[in-house]
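Once you scroll down, you'll see the structures, which are given as structure tokens.
The following pair of complexes shares a single chain, chain A, combined with chain B in the former and chain C in the latter.
What follows is the complex of A and B.
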């Protein structure tokens, strides 16, 4: 992928875009140098050919399992996203308040799987665990995006109102109609994300798609796994036909009906214990017993923190950042290769149809699942995670760039192929492409951290270990560290976008 | 409208707070193939129902930690734990006790197994040649798959596993460890000896591809633990009734679920050695 860079350098030798791009590429190369990339399995090809064979011979015979897994996946996604959208909408109306805005930033910075792990400790496998794990971060994301949509909306009708119009009335008649379509589109995109998240929640024990996929993959039942995955792709690819506003209520009631049987006894004592005892750092708990002095307790606390930070968190942070930076650049490169597949300047109608199908498959497969599969095949190194992150994020950014490129009208059609790509299209979409990529930076970081739960030594590994050791104090601190870095990356990304003067609408990038 | 319905749903969920479970529920750590857990333990549930005269239900859990959490949250009252998970669980529930252990659990051992391509032979001492290999433990919370092998490996090399092996993984369960070492995904692994012997007996493992290279010294492992408050709910003497039922279990198809040859009494103090080891390598505070 040297062409776009070379061409850009020629076009705008000292442009900020080029400088930032080169900086990120250099950082990624250095990071790749320090990353652990290797295929460690002794016979990787044997298992890969079995997997490939399974994928082309899907086995739908266990139909009940497939239907049940999909229904559960949809039910969790529906309730989680609905709650998220409703609360997100309410929050977006007061998003100007610093408190709201900051709270949302914090809620957003914790990954859905981490939320689920937290709720799992006191709710157990109660449906609330899954619903809240989706609803909480999704309300924060929706709040932010809805607020941005309101901000960008045309305020002329509102301004044209006579003074003294009632606020509620003017909101419903002049503000809301201007953004409604936009909010609807974004919310249905959120549902697609929610379906992916819901599927992945199965990996920690909820009865969704991931639960069965993990079982099938562990057993090497690749044909059964393929059947599940294919139905899932079909579900997402056909969303625009079955997701109708008039059916929403029916879907919601069905979802509640699906999940209700599992909604049994929550003991508030467990919730209380988690928040008042379990997450209090271990050395501080001694204060209540009165067995130590305040000074000794403080000393013990610093020792505890020091050990946790240097023996676990630090290594986790380094590994997570290395993997994030490499995956970010790889995703960008893949996106630039993939977007022509769905662009009218390069493809006919049929070609674009196929391209869309291919990208739907890549982006509907959660990176967590992809990484899980590649880890089984290639053994534990960063390679499986890099490839997984690249494929998933590359497909999403490629899809967005393709849609953007389709709107470009070229002055003449005389050039074709590589020249058209490198000299006409890429330079035109490049700023937009960078905007999409930088929007995904914090998402890639969150995902990278999570992938540690599969056995890479990123932050998720240590979080998972802490939960596995029933040391919730450590788990919460590690999650907080992950969240702080995530917020840092988010604000750095915003600054870079300002520096590059990328002021584009973002909804789909999030 | 939708919003109201959702609020109603949340309300419906919240009114169920604090309701008591009627069934007596038990679980077991998912130390082997997860898909077979239900069929392994449903028979045990039926046996206990009959012996105790109350409905007994088995619920499967996804991880060792989930078994401990279910026990401490009173979602299960009885559990078949490993040495380490039992200690963590009993630490979190005042008055809980170890009731019974398998005959084999008094003298449990871990096997280190290696893929034949490594060329490491069986030896009496921990082989130095495992240094630098790609190594897998079982679950992070396992006694035989993690705690004890890590303890012996640390003692022998004087370093953390991370610095001894080229890579350290956690397979999740013992069957998985065998499968991964057999396939060559990992070169060396630590496995529960009972699970290994059982797999060999059933012909589920190709001993031309993977073999035992070292056996650890003996230590106490699995046990049944019960919450201290069950007598209050199910009547006094219920704990000893459970203990009698467990000790009397002798049908081969029931015992095959564990797999053990029978059960003998156990007490909390039997597991002090495990607790000390766990403290020494920093797995519990």
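What follows is the complex of A and C.
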């Protein structure tokens, strides 16, 4: 056999981006092989057509329910995000301290729904449960992003100030006004995220959108559910018109007024017992009683941990990682398919308008909600979760890629269609695309863990069961394990971005 | 209080690369110095080193003007005196400009042609206007030394001449990096030329001519 004139491997030296992409695709294929993907409901298509029919015949007759659900959703989001933004801002000023950014990393790594489950145990369905579940992780996220925004700000005006200017004053005259617009934009994006979170909190019993959706779905009232969803999209799509700085105070007061009736007295004894007894690992509690020796206690503790880890956590971790890796790659693939919908190189003004509308709907629907709907239709397996994660995250990354692609100026316009896509646009946006995707990796993991609460065997399933069995010590340990893996993925993602020399401006999808 | 700028066998670097090596320089009160040299020679680096040495005596007009673009002209000029008032008064002026300060600054910017722009955001101004705001901020500081990094580069000749006169009249000591050699000779009393990482000329302005300085710009 004749030697090839040019060896293909020499002609096509694998770049780091290509290598990493291939690695993730191979991992995802292997993971998909081990995941349980099937449709278990008897008549999935029948149920789907009923849902589709409901979506095109929304029923707004239960107007009072819709308004109340939305008002509650807004109220929780507003209070949670406001607190988060204020504390996040204060923390961002001292974010250089190791203690502060470590604490923030930990607070951020626990999903809002896990926070809600924790507070639910001792506050019950008190408004504080929902408000704190949003405020705590949001403070940590805002702290990080605000700190990055401050870091990016130009220091030249600060250096030009007369020597001896007070730090506080310099801050208010130079750094703050320079980043103010950026912080405002990011905070309003956070409010959008807060609205989604608030809606999902309804699934654990708070009176927000998710609660009513679950009620409607359980009864097969798809037209009512559709009306609720459509108003929610409308609320998010019109945010830039109703979210005005001068109205913030009004909204804040209204939110407090909305939530106040449910704010019954908090039993501090419950709170105390939760932190001092309930979450202490079960074997260690025996130490206080004086019924066992220290040695036996330690032995029991290890036995307890060993059992919990191998019987629950391990399987949860494996399932969560499998689903994460498959969903990550699926999201990326969908994003590459979706972004041309909003890109001027492929679409006219009308086409782009429709594309934007489509992506807004996909990304305004929380993954949890999508997964819930698909689970109802197809029965429990990894499939509904994968599709839900793919749609939501694919739409977000697609949106970011589309915006980026719109800024590309091409030298000539002679090529079109698939050639333009494959030869001109994708090669140009690919590094940026990977950066967006890796930013979302930890978010996808956190969400995957949570989806267990819907009945998949990811970590959330075991956390939820532990809470149901009132084994708070187990629940907290499982949440801690989830958080540790989440921090690990975050740092791995950062390493990969460094290896690929990917730089992005802050806040892309964080 | 007497002061002077002193550099003894100093190596000055920009972004961790030595730009100027073994620099010996002394500039005292009352001198009006022009730093000359082609772009990239190290004028800014030298100016920056001088600024760091005597920051409390210096008002600075940086090359990139360094304005806070989200704030208006009044605020950016007022910043020149942030070290002179207490924190409360400074913050009060940020949110609610005081009448007497408005009057002071209005008067100060009138000769600079900015009096109609007092409440315009500096981000919306043209390059020349921004440069004049940076100059106004330095003038308002009213310090003993003025350090300027090509402070008139974006202005037309008539304007530039007018402003150079104001800058030199109102400061006891002036050190400006200049790219307009003619203007430098006209206003400075000492010329310092930089080439290939060191000071190659340091003479009274009266003893050098335009032609003597030509070699600074040849490669």
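Rule of thumb we're sticking to: the second predicted complex is superposed on the first by the 497 of 510 C-alpha atoms of A that agree within 3 Å, B and C clash if a C-alpha of one lies under 4 Å from a C-alpha of the other, contacts with A are read in each partner's own complex, and residues count from 1 in each chain.
Here, a contact is a pair of C-beta atoms (placed from the backbone, for glycine too) under 8 Å apart; a residue touches a chain by one contact, two chains touch by 3 or more.
Quick caveat, the model's predicted, so the values are computed rather than measured.
Shared-chain residue A:409: touches no atom of chain B or chain C. Of the two partner chains, neither chain B nor chain C is touched by A:350. In the superposed model, A:204 lies in contact with chain B only, and not with chain C.
Contacts of A:181 after superposition: chain C is touched, whereas chain B is not reached.
By the touch criterion stated above, A:215 is placed in contact with chain B alone, chain C being left untouched. Contacts of A:253 after superposition: chain B is touched, whereas chain C is not reached.
Contacts of chain A with chain B, set against its contacts with chain C after fitting on chain A, share not one residue.
Residues of chain B touching chain A in their complex: 1-3, 5-6, 9, 12-14, 16-21, 33-35, 61-66, 68-70, 72-75, 88, 92, 115, 117, 134, 139-141, 167, 169-170, 172, 176, 183-187, 283-285.
Only residues 55-56, 58-60, 62, 64, 66-71, 75, 79-84, 87, 90-91, 94, 134, 137, 141, 143 of chain C touch chain A when the two sit together in their complex.
Across the complex, chain A meets chain C through its residues 154, 156-157, 159-166, 168-170, 172-174, 177-178, 180-181.
Looking at the complex, you find that chain A touches chain B at residues 40-43, 46-47, 79, 82-83, 86, 120-122, 124, 127-128, 204-205, 215, 218-219, 248-249, 252-253, 256, 260, 263-268, 270, 282, 376, 379-381, 455, 464-465, 467-471.
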